[in-house]
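Residue numbering begins at 1 within each chain, and the chains themselves are lettered A, B and C in the order written.
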Amino acid sequence: WGYSTQAQSVNYSKFGKGLQFIAADSSFSLKFSTRFQFLYSGSQNEVTQEWEDRLQIRRARLKFDGFVYSPRLVYKIELGLSNSDIGSGLLRVHNQADNIILDAVAKWEMAPKLFLWVGQTKLPGNRERVISSQQLQFVDRSLLNANFNLDRDAGLQLRHEHQAGQVVLREIASISMGEGRNITVDNAGGYDYTARLEVLPLGHFTGGGDYFNSDLLREKTPKLSVAASFDYNHNTSKSRGQLGSFLSDNRSLRTIFIDGMFKYQGFSAMAEYADRKAPDGPVVAVSDTGTPTETFVTGTALNAQAGYLFKTNWEVAGRYTTVDFAEATQLLNQKQYTLALSRYVVGHSLKVQSDMSLIQTEQEHDAFQFRIQMELSL
Amino acid sequence: WGYSTQAQSVNYSKFGKGLQFIAADSSFSLKFSTRFQFLYSGSQNEVTQEWEDRLQIRRARLKFDGFVYSPRLVYKIELGLSNSDIGSGLLRVHNQADNIILDAVAKWEMAPKLFLWVGQTKLPGNRERVISSQQLQFVDRSLLNANFNLDRDAGLQLRHEHQAGQVVLREIASISMGEGRNITVDNAGGYDYTARLEVLPLGHFTGGGDYFNSDLLREKTPKLSVAASFDYNHNTSKSRGQLGSFLSDNRSLRTIFIDGMFKYQGFSAMAEYADRKAPDGPVVAVSDTGTPTETFVTGTALNAQAGYLFKTNWEVAGRYTTVDFAEATQLLNQKQYTLALSRYVVGHSLKVQSDMSLIQTEQEHDAFQFRIQMELSL
Amino acid sequence: WGYSTQAQSVNYSKFGKGLQFIAADSSFSLKFSTRFQFLYSGSQNEVTQEWEDRLQIRRARLKFDGFVYSPRLVYKIELGLSNSDIGSGLLRVHNQADNIILDAVAKWEMAPKLFLWVGQTKLPGNRERVISSQQLQFVDRSLLNANFNLDRDAGLQLRHEHQAGQVVLREIASISMGEGRNITVDNAGGYDYTARLEVLPLGHFTGGGDYFNSDLLREKTPKLSVAASFDYNHNTSKSRGQLGSFLSDNRSLRTIFIDGMFKYQGFSAMAEYADRKAPDGPVVAVSDTGTPTETFVTGTALNAQAGYLFKTNWEVAGRYTTVDFAEATQLLNQKQYTLALSRYVVGHSLKVQSDMSLIQTEQEHDAFQFRIQMELSL
């Protein structure tokens, strides 16, 4: 029932940093970590007015990373285990197999601060997506992300960072398959091209804080990052680019993101704007009555959120999201208001987060959702 | 071909206890283990009278457990790898993905000997089910378990243990989804409520022996555990509650288990009784001729088994199982007689077990089955 | 972005050898390794004349091996993670689950140099197949292997090695299910019987070099291995024995392999000949016009390849493969010419390989393929 103590090998790491090993001859290192989220979520059924809820292992992961040959050659392998993560829709393009691999990527520092990434990993899209699902301020990401994010893809990324005085600049360019992770057949349509520029006018965030939510490290001076991404997914066949369902025709998608993160003394704010267009029109098929039956998901979205972390490591945060789909798609616009209460026991490694949302969907009744989630991550 | 020795890092563990690590600052620990079973099974085809047999990796697992933050907060993640373990029937409720996650659970000792379990793990049902498949006395569990066990589920468990003189008492209560592991959609019907009481009148078993089969630690004084579980699965939609196939209508299931374990000087005995009822009737659909085409599996079952472990670590064991289904289900009652011969090389970590069974099914010819299985578990 | 150094536990291993641990009481050991391949492949579409290409994680694996109880009892578990590796075709015989388990096998040295293997692993078929996909000279294996290899299977193998002067002799016999890995239902048809004899007239290769491609260890004296395998797969139901699709009728397949490996001072050559027959005829079903609609894949194939490893660890290699199917199958014969250029940064553990192939298929236009792949293996 409990935990029985006995002699164990000491690992020079600490909770939240995984198990860490380095070869005696410094020829490679390996960090191993695992994590899971246990989620309760409930919402009111619009029609029956009944409360519908569920419990589930929302995410569970295995992570392996480190360097090989030289500290300038870093690898990362991350595996999904939960059914939510690995379902592939039984599609032929996935070899009718589960999508277990999230990341499998090598990162080579070709020259100081110039990195070539080779493999499958997240594209340099909106900040909220690139932040790990372990390190969010709310129970899960926003509707902006659900509709427009670039997700993971197989390809190459070139990443550069440099500093001008206090100002940090990062430039990222990538080319990738365009249909998302774990595609095993020929590339339908063309490739996806992404570029991103980040500016940190007030210098680096403490501990890489521009890429985790909540000001857990309580920045002593204000820190800001503003960034823009541009993505051109040439002839993709999935309704949301790297995500969504395969449609019967291809379209090129053009997506712009503008996002920013600000942190200061326990206060944190993140905002994102997304704009996706299909220059040849998003709709691929219509019914006899003219209603779209197959459409790419295009339009604009805005997400803004802010939170304050009390000295007790309780945090209160609020979020506002609005999604406006392109009129041709006839998808229903949504607004969402979310209030979160979180208790960080050990940062993002051991925490309990809850949030409640009011979701306003065009032409529908307002919906209310409540969620509470535990995160445990070595 | 063989094993080549070379300098290796020493791990303060031993075979059967996995690799064990503790962080230098005692902020977390991790035990890693893996195991597999290789099974030969053969049986006589009733119709052709031919011997039909097969070889397979019956089970293969990865296990991660330890504590985080404090020894009072324990986690466990267990993953299934073999096709027998992970097949999900390609159902939508499993996101059409494999059911890789067996356990993902956190166990918090809120007060001395009072534990809150949060996540997905085995429910406090019949003892035979809760005993690991690694630690059985026979090649696999009985027909009682196959028909009536509660299996794993996502939820909360409250567990308490206390002692009155020599007598150990354990009380367990749980609330869970009711449809078994790795459900990713809304909760069909209601929740499942389980309560269990265990009494150990002669004190603790050596090394937790009330939850592994065979008296491997040769109790010097007699040890006994008797227990009863009560389960109410409100409006479940699967034919055997957490298991079985989804039916077209829901039923509430009420299950009672009474079980016990006894061990003394190499002798061990385990017995279980199960009784499952569907107060609103088990049958959901019938054919034109009135034969049930969809039914919940209800009825009673008895399993009794005993074995003696010789000084040589050879064990002989016998088992008798009878299953009587509710008449309305028109399922065929079964009796099974099993004789097992096992050689424990290193306890339940390295062993070869064989058993042969006579299976008597109502209205059918008697069937004979022979199995032999190797278990290897770090 | 980069790799941040911090105190880490030292592991007495080196890059390419995985993490290695041994229990303080020498009761077990564990080596853990992981690897992935990132592949670009392109070929010219015969009809449209367009270049079609793709990027993918071709293979990703987790590997666990070591000894338990005694160094004479070795285990190995290897798991596939990439969609290419684990797709099972959603078949009932695989329990409609992914085929994650590649190897799960115990290897017991019963007497000096006499090994009993128990579990699921590669059969002792053609050398190219038994060589790990990590340790190839080309981006992937040849057409001979694609059509006629024995692959993995569940069963028993008896392996013996002895030496007569300088000459090393190995005899291997196996019995296995015959339908390949991760079958969970009864054995369709009969078992598969394989025998293999290997002769190394010039003694052992350095570092087991008869079972990896390329002369990475630059043999100082010539080394040669010649071998022959004989396989009889009794009443298999899959078109290529352990592989292929399930057909509506069974056939017994008889396969002969003759193969050899030669290495000397950076030069390496490998050749294989395969001959598969179905004594009762390969064709199982024909269309109205007499064209086979279901057939076992029988015929002969030859693969010959050679490469030279320069002092700089660049290698140039060439390969010629020809496949002649049995006339009754009406499958189209193929010839393939491949030229490879590889850069081994750290042997087979960190390398980039490229190859280009001319593929001549009977009655079709010639096809051209280009591939480049990175391998990273702890």
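Basically, contacts are C-beta pairs under 8 Å (C-beta built on N, C-alpha and C of every residue); 3 or more make two chains touch, one makes a residue touch a chain.
The structure displayed is predicted, hence computed values, not measured ones.
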Chain contact graph, described as a line, ring, star, complete graph or other shape: complete
Numbering shared by both copies at the chain C-chain B contact, with half separating same from different: different
Distance from chain C to chain B - Cα centre to Cα centre, in angstrom: 37
For chain C, residues contacting two or more additional chains: 9-13, 19, 24, 88, 90, 98
Chain B-touching residues of chain C, taken from the complex the two chains share: 9-13, 19-25, 27-30, 64, 66-69, 71-75, 77, 79, 88, 90, 94-101, 104, 106-107, 109, 113, 115, 118-120, 154-155, 159, 161, 176-177, 182-187
List of chain A residues in touch with chain B within their complex: 1-3, 5-16, 19, 34, 36, 38, 52-57, 60, 81-84, 86-90, 98, 345-346, 349-350, 374, 376, 378
